[in-house]
Structures are given as structure tokens and as C-alpha cells.
Amino acid sequence: MDREYLEELLTRVKDGELAVEEALEVLRDFPYADTGFAAVDSHRPLRTGYAEVVFCQGKTPAQVVAITEKLVKSGLPVLATRATPETYSAVLSQFPNASYNEPARTITIPGEKLIERRGAVAVVTAGTADIRVAEEAAATAEFMGCDVNRFFDVGVAGLHRILDKMKEIRHADAVVVAAGMEGALPSVVGGMVDVPVIAVPTSVGYGASFGGIAALLGMLNSCANGVVVVNIDNGYGAGYTAALIARRAETK
Amino acid sequence: MDREYLEELLTRVKDGELAVEEALEVLRDFPYADTGFAAVDSHRPLRTGYAEVVFCQGKTPAQVVAITEKLVKSGLPVLATRATPETYSAVLSQFPNASYNEPARTITIPGEKLIERRGAVAVVTAGTADIRVAEEAAATAEFMGCDVNRFFDVGVAGLHRILDKMKEIRHADAVVVAAGMEGALPSVVGGMVDVPVIAVPTSVGYGASFGGIAALLGMLNSCANGVVVVNIDNGYGAGYTAALIARRAETK
Amino acid sequence: MDREYLEELLTRVKDGELAVEEALEVLRDFPYADTGFAAVDSHRPLRTGYAEVVFCQGKTPAQVVAITEKLVKSGLPVLATRATPETYSAVLSQFPNASYNEPARTITIPGEKLIERRGAVAVVTAGTADIRVAEEAAATAEFMGCDVNRFFDVGVAGLHRILDKMKEIRHADAVVVAAGMEGALPSVVGGMVDVPVIAVPTSVGYGASFGGIAALLGMLNSCANGVVVVNIDNGYGAGYTAALIARRAETK
Amino acid sequence: MDREYLEELLTRVKDGELAVEEALEVLRDFPYADTGFAAVDSHRPLRTGYAEVVFCQGKTPAQVVAITEKLVKSGLPVLATRATPETYSAVLSQFPNASYNEPARTITIPGEKLIERRGAVAVVTAGTADIRVAEEAAATAEFMGCDVNRFFDVGVAGLHRILDKMKEIRHADAVVVAAGMEGALPSVVGGMVDVPVIAVPTSVGYGASFGGIAALLGMLNSCANGVVVVNIDNGYGAGYTAALIARRAETK
Amino acid sequence: MDREYLEELLTRVKDGELAVEEALEVLRDFPYADTGFAAVDSHRPLRTGYAEVVFCQGKTPAQVVAITEKLVKSGLPVLATRATPETYSAVLSQFPNASYNEPARTITIPGEKLIERRGAVAVVTAGTADIRVAEEAAATAEFMGCDVNRFFDVGVAGLHRILDKMKEIRHADAVVVAAGMEGALPSVVGGMVDVPVIAVPTSVGYGASFGGIAALLGMLNSCANGVVVVNIDNGYGAGYTAALIARRAETK
Amino acid sequence: MDREYLEELLTRVKDGELAVEEALEVLRDFPYADTGFAAVDSHRPLRTGYAEVVFCQGKTPAQVVAITEKLVKSGLPVLATRATPETYSAVLSQFPNASYNEPARTITIPGEKLIERRGAVAVVTAGTADIRVAEEAAATAEFMGCDVNRFFDVGVAGLHRILDKMKEIRHADAVVVAAGMEGALPSVVGGMVDVPVIAVPTSVGYGASFGGIAALLGMLNSCANGVVVVNIDNGYGAGYTAALIARRAETK
Amino acid sequence: MDREYLEELLTRVKDGELAVEEALEVLRDFPYADTGFAAVDSHRPLRTGYAEVVFCQGKTPAQVVAITEKLVKSGLPVLATRATPETYSAVLSQFPNASYNEPARTITIPGEKLIERRGAVAVVTAGTADIRVAEEAAATAEFMGCDVNRFFDVGVAGLHRILDKMKEIRHADAVVVAAGMEGALPSVVGGMVDVPVIAVPTSVGYGASFGGIAALLGMLNSCANGVVVVNIDNGYGAGYTAALIARRAETK
Amino acid sequence: MDREYLEELLTRVKDGELAVEEALEVLRDFPYADTGFAAVDSHRPLRTGYAEVVFCQGKTPAQVVAITEKLVKSGLPVLATRATPETYSAVLSQFPNASYNEPARTITIPGEKLIERRGAVAVVTAGTADIRVAEEAAATAEFMGCDVNRFFDVGVAGLHRILDKMKEIRHADAVVVAAGMEGALPSVVGGMVDVPVIAVPTSVGYGASFGGIAALLGMLNSCANGVVVVNIDNGYGAGYTAALIARRAETK
């Protein structure tokens, strides 16, 4: 396409249809206004239908409302993460169809076009304290059109709990595992499924858990295959990648 | 199959073809030799055809040969990682069809059954020093039946290099990015593709790179969506997960 | 027992008392519904009489009350750790026989069956600021049926204090030593007793104590034999393990 | 000059114009009261016109007012950094011409003598959360007489944003780049300009960003030439050095 | 006894049987020559029959031989840890009944008096690379008179391996678990036994395992009860404490 | 003296002046009440007149008052460190002659016996923010009877400031240098005096100062001779050791 | 020029002098060979005359020779850093005019066009052990056409050494200061000059210097204005940035 | 004396005995050759008789010989630390009266003037592996004219060992305590003496001792008064400071 575009442009110059000066103007912006633009802008992949995500932390409710407004006007669905109840109130007063997932701290507003449901994501936690992070992952994957199954509080100290759920977990196209403390659960899950496991260390723990570092290191050093890791408490990132994987996975 | 196996066994007991005592012997090993085995032993997922992987570090050439022997006898393909030339010599003297990927330090022996080629993985490096790790990822993904494209030495300090390759990289179903030093390349790639990026920090660098920690932290904190991380220098793990993703991805 | 169970099941199939289909259903859950379940569930060793422990941190008073209710109904004794006074109020209003150990922040409710008193645990602290952690250890060991002797504020800077108490400390079957700052006390105690010393680093200190890391490292590097370590401020874990040891120890 | 001063002094002693005792008094303070003084006191380079900078953190409003008073009396311009609104109120009530840059948290009061405008500094941020730090850099460079251009929220995850601005950024004599999270932006900018890049890691991020350490390490390990680093959140230091460079740079 | 000793001494002074000067001499050494001495010297608990342990690291073969000589002369059994083959050769040439455990790097020489066999210790490893450390633990516990059962290479990535062995492991009075990488195995074992688990992090791993720190942190943060930790690679310490526990445990 | 005491005691027993039982009572406390006491209890070296020091952090005002009461009754002088204004109010209401050093956060009450003034300590700070820590050092040294000279805000960025003061600083018998940020001042001072320099890192700074770690490491790595270090913000420890040195130093 | 080049190309297409196909070929490489090239490829800023720099670490002598060959053929000067004597031998055998700076470990080959000498850089070290790093900085700055003055072994523990040299150092347009251990020298120098100070921490030191971390932290926390930092031992980076600054600085 | 020197110089100028030009030459070097020299050059305090110390690490034998030559010519005694046997051979061949302390790795050559013996230093170690560091401290203090008593292998795990020696240790004017592993010994010693304790962490240990960091942190957090710390393995620094203290201490 680029080549065709360029070819056409040059031909029009050759044919005198386009002034040299005008062609120069076009070429000056070439890397950004054409393919290039689409290329670099995968961050906001409107074309993919995943839409914008608003990271609320460090933004005022007013700022979040303003950004939301712009998105809604474009007919896009909205996902806002790390949203406080205050931020939700502000958004709700403007957009009555906004809904809030309290443990996940996410706000969602459906877009004009429904996202086709596709792909199955399992979200697993070691303890109940990891649920906030897990819910952020779940909300993100659901927003991106995946079916999400939750398996909470199935940590390794009572192994029967996770064993009991493995059959169901194996139906997923991607598994998110959130765990704090020693972060051992992803290794155990990774040893029992044949799809990627996105491990999310959580800052749950005390003493030498160092706000999630112990869990992070445990997960990076996992002896199981297919385990990859995201940042501490980054439920959003885990859910996003799990959805990327699941949506393109062949139906088993 | 598992179910069928069990059903058959029970039917034979019912029909008096199999003594209770004999059935007991079979069932004693049930969790490992049958369903259970498949379930827990995804580490060695024979059914998926991914076969065994031998981690050579800390094993003597003789030990590696012994394990290889067992696998070859079962008709399975063999992938051995972190293999020294000495180990390769030992393996080669027994298995003349063993081949060695020197930068990747991997040995492969084809199995009896060919793995169907499927899924495309792009393997990208920031510098030439990251190639060893990248080749391990590439060799692993190829062993698992994926097509692999290599894009080496395209780090962010000369941005045109990576921009030049983006069109090709976007054809992959999963992207592995290996980088040392500041580990910035996965963020740049992650911002330009809509498939998962498996970031591998490498221990390349000096001073405050701390043997890959700087790159690891950079990757964990990536501001791009869809970036997940494996352990420092863990090319194998990155290639394995990329292949898991790519093999089940729908053809674009 | 497992074997017998299986044998019976197979015999019933053989004898036509159990349909193959029904036997299949039973075998599908076999690892969790039978021995397996008991096996993995040592986490909540009802059979041992140690009962449930409720970790209150991160739970609302209402949640703690709900869990407590379930335990009390089963006739089990209750130990809740890291309980705030608010949580205690909530529990007390429902269970008038609940008692609160303020420095330990533990709530206890006796069970229907009294635990036989057995085993002696010594709990030692370096300073007065370590007492909160030590009391959690003491309360836990007492809850598990051990006799506990406390030896507080006997740190190494005034060595006569600990020397003075050694005779008494040597009567214990296990010793818990809680210390912050340089964490030297377990080494000194470990050099003078012939039972295991469970060292608990506390987050007491300032500057380069790094919230207990200095003490933790000191304890891990102890030059004395028989010293083992638990997480920073983990009085509960220390008391639990000390009780495990003491309860099974032969009377001297 | 020193030599001349000393020569004159000795000549006056020789000529009996100065008593030995008096010369001794002068020589006693020689290293500090004369050239030496100017030498060591570059910290407060009054002669260069850069004037005093007041670091408000840890100072009461009253203390800041007192220092400001002294500077204003000397006819010097005033820059106060890390100033709270309270401190500004206190200063404003005394000096009605004081102005406050809220995001930068700086107070400025013009001096009697205008600083000649000279040198161009570009201040770039990866995200909107880095703006506070960037504004401190900008305010400092402006105070020192430089023209400052701001390029905010042009992080690497959407590469077209920074590419779009490069032409303008290249006009600067020095570039300040503030980034948190993985801190990759300075490498990208450093690869595209031929003037020094002052990288400022910001404490923006969460999880394994460790309050700016991830960004700091990323910047120190930058694979681009001409990238130098200042302390986490040290916008003032970055702006100061950028201005030092820019003011003495030849006009392109 | 102390009191009686002192009483007798004073009585003898009172009765004129002991000169004041002589009593003074006795009292000067009082804290070390009497009970006190035995008290503090538990490090070398001759009375307990555990005998001396020689830490060979940093000692020349000649030095080890010299220390060994002294112990053998006293009729004591000898355990030397971290012994190189060279050290063993030197010891063997003097003491033909010395034996060497190569993976454990321990030398043992039986004492005159046989230690009564008592207590059962299970030694478990996650991988084969952890065996050196585990064997040091096993050799130590055996030296102290315990029966030791080894369960090697049963890490969590193939969970069936450890599940398969749990029945046997539960027979032990104390369990040592050695694991590198993510260090998850002690949590899994701790959740399934009701005796103390001594976790030994090993320096096995690469990348962000940091020579055992990842495993160490994982173990300290274990969510299972009854898990205590020793220093990285400290097989000796784990075996010693396990034996302390096992030898005094009641027979189940 | 010890020997004399014991000799006298034994002689009195011998002479029938002291019953064996009474002597036993005395000897029971022997290690603490007599020589032993002096030996081990240097922490509270009453004989040296340094008296008790009360560390208030983590103690309630009531607890501090109670301890103070005991000391005052014994006629001892009192020094309480890390005392809040609230604690001072509580103490003052009981002891009207108590005085409070606000920046140092110390309370002092003179004892019955005046401590002879002796030894000169210089207390130096790099910045004004280090003064709190420096004042704690100064107050401690003054309490122990030393003359203290303060040299504040003489950091290395304006070298003339410290050079200007060196002549006076050299009169001290020991120098305390408190500095945050890069902690360079002790090296500069250490290079110019021939008495010990006690370096106190302070938690002053931001970003990569890590609450004093940067300063601590700088001081430990000082290239100057005679520089020793205490914990971060440990003004008390620095002042105490400086006084120990100064009081016994010969008058120059 | 870029614009002119494009204009000329388009004009030639318009005038039929260049076929569309040929113009396409040219434009295909457009981003790298023309404006784009200059834009992104500042890493190899041929136009500025700074030429290529070859980082030899991790490259074989043969690889370095090959890269050198390409550069020499283009008439460019060559700077190779981190070159071993072996690499130099290999280069010398091909390029007899190659010269080697042993302490700096740099190889240089003059280009066809002489670089105009311009700008003055001072390179300062704290100790003699820092000289290797400093020489790399000096060789780099000289290669880029700057005059370099060296001031070695002038650390802060003997302050007169650096004071003695300050007059000369102040003539520089940029100052590089290399220091290990506590890294205090840049603060002292930064307090006495009014040009930027590029601080290079070196890995010189022992104990808690942690391979340069102590010096790095000290420099990042410098209390002097105008101090910026590069990676540990990164003499090349410091020299490069110093030259960038110095070459464009106005003659004083 | 300085003053006298200057007075004399000025008087000679006044009296016409010295030309202004000549006086200028003298004054040019004034800060280093006279008072200034003494002031800043305490690093090499010739006047105090402590003489030069040569740090051999990183210096060739030839370089050490050259420096030694210069010192010997000036009649000064020589102390060279971190000297390898090779360096000693080189020195010995030139200076037959050079002697070598092997464990301390120090070379000494007596000066023309004998240093008056004065002050008592005790050097204590926890284990035998700490002796190398302790000997460096001892050799340094002896070189500076102190009497040194050594108390080796008296660590806290066998407390009677150190208790046994306390009476002798208390005779010292300053105590050096070298310890690795948990670094607890200085706290114990510090609690029993009333002179300063210079704690030297050693890099002895394994696992989580982190090359001396555990011991360093333990010592910095010592709960005993009068404990100050030097860098890991810095025996020289500890011995130097101990001697500074001891030489000026009053005879008890």
C-alpha cells in the first residue's frame, strides 16, 4: 500500500497533476499521516475495537470525565481503571449508563458497537486479598470481549482447592494467576495447563514480602513452562494480555 | 481417551476379564499413568507433541545422553537447552542426526512424527549481544513447530531500524523481544503491534545494569499494553510461551 | 484404606452392584473426595485439634464474625490473629466468651473439647518493643495447648539479663526469640540451649534496620546451631512451629 | 589578579606602608576572602547573574521569607523550589511581585537587573504525571534566562507522538526528558538529537517501579549517546544543567 | 546444683577447710568452669552425644586433620562439612575408617560410642540440582542418629511427583525441603504435613533468582503453617535442626 | 576492687560474721550486683557518671515518667532521647527542673552530683536539615560532660564554608559530622583533622538518597583515614562515642 | 538540504529525468539515506564529523576489523572502545596507522577529513585507580576534536590537591570527574566551577562500595548544582557528552 | 608555628632580606607547604609520626617500590596494606629490613625515628576466618605505636569464650571487633566495655550474608552504646581509628 501510495503520488507529480511544492508537503508528514501513523498508534487500537483505556490514578475526576466525554462522542466503549468512587460519581452524573466494579475499581461504558464475545480467560487467586487485583484483570478481559471464569482463594497451602478446580481452569484459552506472599500458585497452575499463564504478583503480604517483590521473584523463577509475568498489582496488564491471547485462539 | 480407558478397564472388570487385584494394580498408578499423568504432567506434554525439553546446565554430558536415549526410544523429538559443545559431542556420537544451534546452545533431534508447522513467531533483539538469548527463544519456538522470523540489532537508539521492520514483525502471532541495558525495546514494539510481546531481559550491559536487573525492571514497568516478562536470559521460556500462543492463534 | 475403598468399588462393579457409568463418576473425583482430600487439607487439621486460625488483616469485622460463627458452630476453638479492637468488639457482641490479648492482637474462643496441655515453649524478646510480636507467638502456642514462659527485654547489650534467665529457658521444648535491630539474641540463646530456636525478626529499629531486614539477615546468618527463622514480625508462625515441636517432644 | 594582589601587599609591607601584623591578618583569611572565596563560592554565583536558589522543602514559610528578603534587598532575582502554596502566600504578602508556578511549585521574583534571554531548552515528558517534575526543570531554565519549549505526554508506547515533535525538539541547545515507569524516552530522544539529553527519572509508576528506581536504572543504562542523568524527581537539577549548557552554546 | 556447689564451698570456707585465697581462685572462674561452662558450651554439646562438627570451608586440609585428631582422641564421632576431596584424602590417610559422602561433601568418622538411632527425618528436593544441599542435610541428620528418607526431584511444576510421595513423607518427625528457583515446594509440603518443615533455599537458578534470594523470600513468605527457614544452601543447619526436633519427638 | 569485695565477703564468712545463707544470697546476684554488674552493665555505667539514657520512641509519656522517677530517686542525672513535646510536658509536670532541647528532642534533668566538664567535641553538619540529628549528638555529648562546638551548614558544595571553620574544628578531641544526600562532608573533614570523625548519615534527601542509604554508603567508603560510621539518624550514638573518646583524651 | 534534495528529486521526476520506478527506489530508503537518516541516525552522526564508535566488548577481533574496514573505506575516522590488546593487534595488522591508548583501551584511526579542534574538556579523577575510566573519557573527547586536560589523583581526602588545580580546571567548557569509593569529588568540583560536571562513578573500592553503587548514589545525590551522572565506569559516555557540550560552547 | 613562619617571612620582606618576587614564589605554594599543608594533608600526617600508608591493591609491585623509595628517603616509616607476596618480594629486594605480616598482608619498614609506644588496642574476632581482617587492624595499630592484644575466635555462639576474655579486653583504650555472618559480637562486647568499639564487618559467610552486608547491618543496628562501624573488611581503617583514640587516651 505504501508503495502504491508513493507510486501514485510520484506519477501525479510526473503527470503534472501535483505541484512539487504540494508533494513536498505530503512527503514531509509521510511517516505519521499514512501507514506510519496507523503503525505507531496501536496504543489506541481503535480499529481492533479494544478502544481506549483511561488510567485514573493521578487524574482528577474532572479530567477523567473530560477524556470519557471525548471517547463516548466517538461512539467508543470506555474502560477506566484505578477509579475511585469519587471519580465514578463524577462520571455517572454525566453518563448514566456507566457502571462500576468496586473491587476492580473499574468504570465501564458500553460503546455504540457491541464487541463480539470471544475467547475464555480464567482468573485465579491464591488468597482473598488478591481479589482486587484479579478483578481488575477480569474486568479488563471482559471489556475486551472475553468470557471470564473466576477461581478465588485456591492457594497452594491447601492444594486440594486448586486441584479441585483444574478441570474447569483447563477450559480457558489463557489463565491469569494473581498471588502475593510467596507467589507459588502460578508454578502449580503452569504445571497443569497447556495455555499461557499470566502471573500477577500482588503486594499482599508483610515482612519480607517487600510489597510484592517476593512474589515477583518467585514468579520470574517459576520452574513451570508457559508462565510469564507482569508488574506487581498490574491486574489490568494481565487481563489485557490474556484477552489478546484468548481472542485470537482457535476454539478448542 | 482417559474416560474411554477407564470405561474399558471397568467394563473388563465387570465382564470378569480383569481380576480386581489386577485392576487395583493399574489404578494404583492411575493418577500418573493415565488422565492424572496427562493432567499434572503438562511439563512433559506428550499429547501435545511438544515433547521433552532437557535443561543441560548442571548436568554431565553422560546424564544428558542417558535422558536423550530414553526420549529417542519413545520416538519423541528432543530439545536440549544450555548445552555446551562438549555435551553436543557426546550426544552426537550416539545420535548422528542430532544438530546443534551454536549461538542458542540447543541440541535438537527430530522425533518419529513430524510436528505440523503452525503459527508465526517474531524474535527481535536490541543489540548483537542479545542474540544468544534470542536464538534460544527462536530454537525453542521452531522446535515446537512455529515459523520464526529474526530481527536482530534493532535497538531504540537508532529508531529507524525497528521502524523499518515493523511491517514484517506485525505478521507474527507473538513477538519475543530480547534486550539488555535499559530494556526499552519491548515498550516500543508493544506500542506498535496488537499481539502479545514476550520481553526477555538479558544480562547484557555493565555498571548499573546489574546483570539484567535494569532491563527487567524496565520491562516490568513498560507503559505499553500486551507486554509480559520472563526471567533474565530465559530465552527458552520466552520461546515456549510465544509458541503456545502462536500455535493456537487463528490465521490472520 | 484407599486400597480397601478401591477394592470394594471394583468388587461392586465386578458383582454388577455398581454400573460402570456410576463407578466412573466416583473415580473422576477420587483424588479429592477421599484420602486425597484429607491429605491435602492438613492446612485446616481439624483432626489434630489445632483448629482454624483466622488472619484478620485485610478482613472486615463482619467477615471475621462470619468465619468465627462457622467455626464455633462446629464446636471448634477459635484463634484470630492481627485483630483490631474493633474486630474484637464485633466478635465479642456475638460470642461473649471471646477474649482479647491486646499486645498480641489475638482473639480466642474456647472450643467444645479442651485441648490437653502439653509441651513447654519459651518466648524471649530482646527489647520491650518486640513484645507485640512475642505475645502473638505466645498466644498462638498457648492456644495450641502449650505452656508458655515469657522472658522479655533481655537483649545482648546487657548480657547478664539473658544469662540470668538461661536456667529457666532451658526447660522449654522449643524457644521463640523475637528481636529487632541487629537480631543478635537468637545466636546467643542458640549457643546455650539444645532445643530448636525459632527466631522472629521484628521491624523494630530505625535507619539501616530497614524494617527488620537487618535482624532477618542477622538471624539467617546465625553462627549458632539449631536456629531457624520465620518472616519479619511473624509471631504467629513462630508460635505455631514452636508448638508443633513442643507438643510432640518427649518429657525431659 | 591574585598574584597582583599579593604583590601589592608584599610591596606595601616592604615599603613600610603595611605593618607585618596587619599583613598577617590579611593573609590569615587569604584563601577565603579573596580569589579563593570567589573560587569556592560558585554555589552562589552572584557574578554570573544566576542568583540564589532557595530549596523550600524542610523550611518554614517564615524562613523562606527571611531568606527571600535578604536576596531582594541585594537586588537579586529569587527562585524558590519545592514551595507549597502556604509558603507562596507568605512570600506574596511581603513581595507582591512574586509569582507562583503551581505544577512546578516554584516562586520567582524578578531581580533589579534583567537576565539577557539566551539559549533554548526543550523539556519533554513521557506522561502527564511527569509534568510536575518537568515544570520544575522548565521554571529553573526560564529563571536562568533560557527559552523553554515544552513537549508533554509523548512517551514511547505511542511512538508517533515523539516522532511528530522531533523537528521542533532539535532546535534546542539542550533537552530535558522526564519519564517514570521504564524510563525509555531519553534513549529514544538521545538517538535523534545531537545535543545533550538530561534525563530525569520520576517517581511515577507502581509495583516494581520502586519510586523511580526502574526509570533511573533504565536511563543510566541508556544505549544512546549523550544521555546523562540526575536524581529521581530532580527537575531543578536537570533544568539548571540544561541552562548551563544552553546559555553558553553557540547560536546554530 | 550451682547453689549446692556454692553452699558447699562457702561452708568449707566457714569451716576453715578452704583458704579464702583458694576460694577466690575458684570463684574467679565460677561462671565458666562449672554449670555455667556446660551451659554456654552447648555449641559443642559433648554431653548430648551430638559431638563436634568441623566446618571445612576456609580451613586447610592440615587444619582439618588436626582438629579431627583431637576429636578422635576424645573418642568422639566426627562430622566435617563442606569438605573437598583433597581434605578427605588428607583425613583418610590418617583415619582409615573415615568415609566421604561426595554430593554432601561431608566426612564422617564413627565415635567410640554408637549413637542410638532415633527419630525420622524426610529430606525433599524440588530438583536434581538441589541434591548437594539436601545430602548435606541428610548426612547431618544421619550423623546425629536419625533415620533419613530422601525424596528428590519432586518440584511443583509436576505436582503428581510430590503428591505421590506424601504418604511416605508424612511418616517423618521433621521434614527438610531444599529448593531453588521460586522456592515453592515448602509451601506445598507444609500444607500437607503436621510436623515442622525446615525450608532450605538453594542457590540453584539463574537470572532473577539472585543466588537463592528469590527462593529465600518465597520460603519466608510461605502461606503454609509450620514452615521455618535457614540460610541459603545451609543444608547442615537444616539437618541439624530437623534432627533436634526428630530425636525428641514421641514415636507416633 | 571486685577482688577485694569478694575477699572481704569470704573473710566475713570465715570469721562467722556472715551466715552461709546470707553469703549465698549475695553471691546469687554476684554477677550483676558487683563486678559482674559493672562488667555486663556498662550499658548503664553508673560508676562513670554517664547515667541512664531513656530511648523514648515507642514508649508512652507515662512509661517515660516512671523510668525517670526511678532514676531521679537514685540521684542520677537523666537524658531522654527522641522525646516528643507531649512526653516533655508529662516529665516537666513531675520534675520542674527538666529542660527540653527541641531540635534534639532530648529531655535532661541534672543529677545530684555534677559531672566534671571535660573533653571537647565538634559537631558539624552539611546542611540545615541535618541539624536535628546533630543536636541529638550535641545534647548527648554535653550531658556526658563534654564541651560541644557546633558548626552547621558547612557542606561541600560551598567548600569555603568548611575551610573557614577548620581551625576551630581542629581544637576538638572528636568530631561528629552529620550529613545527608551524598554524605561527602566526613571525608573532607577527615582529611583535615587528626582526631576520629564519627560520621552520621541522615535521612535528609530525596529520590535516590533512599532515606539515608546513599549517605551511609558514602561514609562507609570514605577515602579519608579515621572516619567511622553510625546508623542513619543515630545522633545519640555518635554523640555518645565522641564523648567516650573526648573524655579520656589528653589535653592537647 | 533535505528539502532541497527532495525538491530536486521531485523536479527531476516532474521533468521526466527520473523514472517513477527509480524515484521509488530512492524513496524506499528515504527515511535512512536522507532527512530521515539524519533524524533517527544521530547515533552515527556522520554530518557532525563525530563518526562511528565501535564498542568492542563482546565482539571478536575479526568482527571489529570488519566494521573498521567499512568505516575506513568511507573515509571516516574510527574510535573503538573497550578494545583488548588482541583486538588492537588484529586492527593494526590491517590498518598500520591505528593507534592504541592502553589505559583507555581505545583504538583510533584518523579519517580523511581532519576534525577542527574546538572546545576544552577537563578530566579529573579522585584516585589513580580511576584513571582507566578517565582515559576512556579523555580519548573519546579528543577523538571528537576537543582539547583535553587531565587532573588525576586529586581526591577529597587531601583537599589541597584539588584546590591547587581549580584555576586550571575552570578553563574547561565541561568537566568530567571520575571517582570510586564515596564519589564525593564531583560535589566538590561542582561547587567550584560554572560549567556542567559529568560525574562518572567507577567500580573502584571494596566492601560496601558494591562495585560502584556507593559512588553512583553519592553522585546522584550531589548537593552541588550542575552535576549530572552517567553509568558506572562509562568513561566513553562521559567523554562523549562533555565533548557535545564543549564543542558548541562559546569561547570564553 | 605557621604564624611564626609567616611573620618571619614578612619581616624579612620588610627588612629587604627577601625580594618581593621571592616571597611571592614562597606564598604561591603557601597553602600546601606550610599551615595549609598541615591542614589539608592530615592524610599524610608526617608531623604526627604516623607516616604514609601505601594501599597496594591495584598497584604494581614496581609502583609500590617506587613510592616506598620516596618514603624511605625521607626517613619515614612505611606501612603498605593489601600487599601480595609478590609485592613483598619486590620491596624486600630493595629494602632488606622490610618485614611482612602474612595474614594481615602488610609490609612494614621502620623509619629513622622510633615512634613512642603508647595506647592499648584490643583486637577481637568472632571466628578464625575473620583473622585476616583483624590482623590488618592489629598491624596498623602496632605500626602507629600502640600495644595490641589479640582475642581470636570468641564468637557469640559459645558465649563463655568472650566472657572469659572480658577482663583482659577491658584494659584496652579502644577495641576493634571483626565479625562476619550475623555480626553480633560487637554488640556483646560493646555492652561490656566503656571504651569505643570499632566494629569491622567481614565478608566471611555464605548464602544471605551477602559478602558482609548482613554483618554490616547488624553492626550499624547495634543496641549497645559506643559501637561505631567501618567498611566491610576494612581492617586498616579500624586499626587506624582505634590507634587515633588509644594514643591520645589518658593512662587509666
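For clarity, chains are labelled A, B, C, D, E, F, G and H in written order, and residue numbers in each chain start from 1.
One rule holds in what follows: contacts are C-beta pairs under 8 Å (C-beta built on N, C-alpha and C of every residue); 3 or more make two chains touch, one makes a residue touch a chain.
Here the structure is a predicted model, which means the values were calculated and not measured.
The chains in contact with chain C and with chain E alike are A, B, F, H. Between the chain pairs B-E and C-H, more C-beta pairs are in contact across C-H.
In terms of the distance between Cα centroids, chain B is separated most widely from F.
Rotation relating chain G to chain H, from a C-alpha superposition: 90°, rounded in steps of 5. Each chain gets a centre from the mean of its Cα atoms; for chain E and chain G, those two points are 57 Å apart. Rounded to whole angstrom units, the spacing between the C-alpha centres of chain B and chain C is 41. The multi-chain contact residues of chain A, meaning those touching 2 or more other chains, are 31, 36, 39-40, 43, 157-159, 163, 190-192, 207-209, 213, 216, 220-221, 224-225, 231-232. Here the chains touching each other pair up as A-B, A-C, A-D, A-E, A-G, B-C, B-D, B-E, B-G, C-E, C-F, C-H, D-F, D-G, D-H, E-F, E-H, F-G, F-H, G-H. Within the complex formed with chain E, the chain A residues making contact are 126-127, 155-159, 163, 180-184, 187-188, 190-192, 205, 207-210, 213-215, 217-225. If you check the complex, the residues on chain F that touch chain H are 39-40, 42-43, 45, 48, 53, 166, 170, 173, 190-196, 198, 216, 220-221, 224-232, 237-238, 240-241, 244-245, 248-250.
The touching residues of chain C, counted against chain B in their complex, run 3, 6-7, 10-11, 13-14, 16, 20, 23-24, 27, 30-31. Across the complex, chain B is touched by residues 128-129, 157-160, 163-164, 204, 206-209 of chain E. On chain G, the positions that touch chain B within their shared complex are 31-32, 36-37, 39-41, 43-44, 57-59, 201, 203, 212-213, 216, 231-234.
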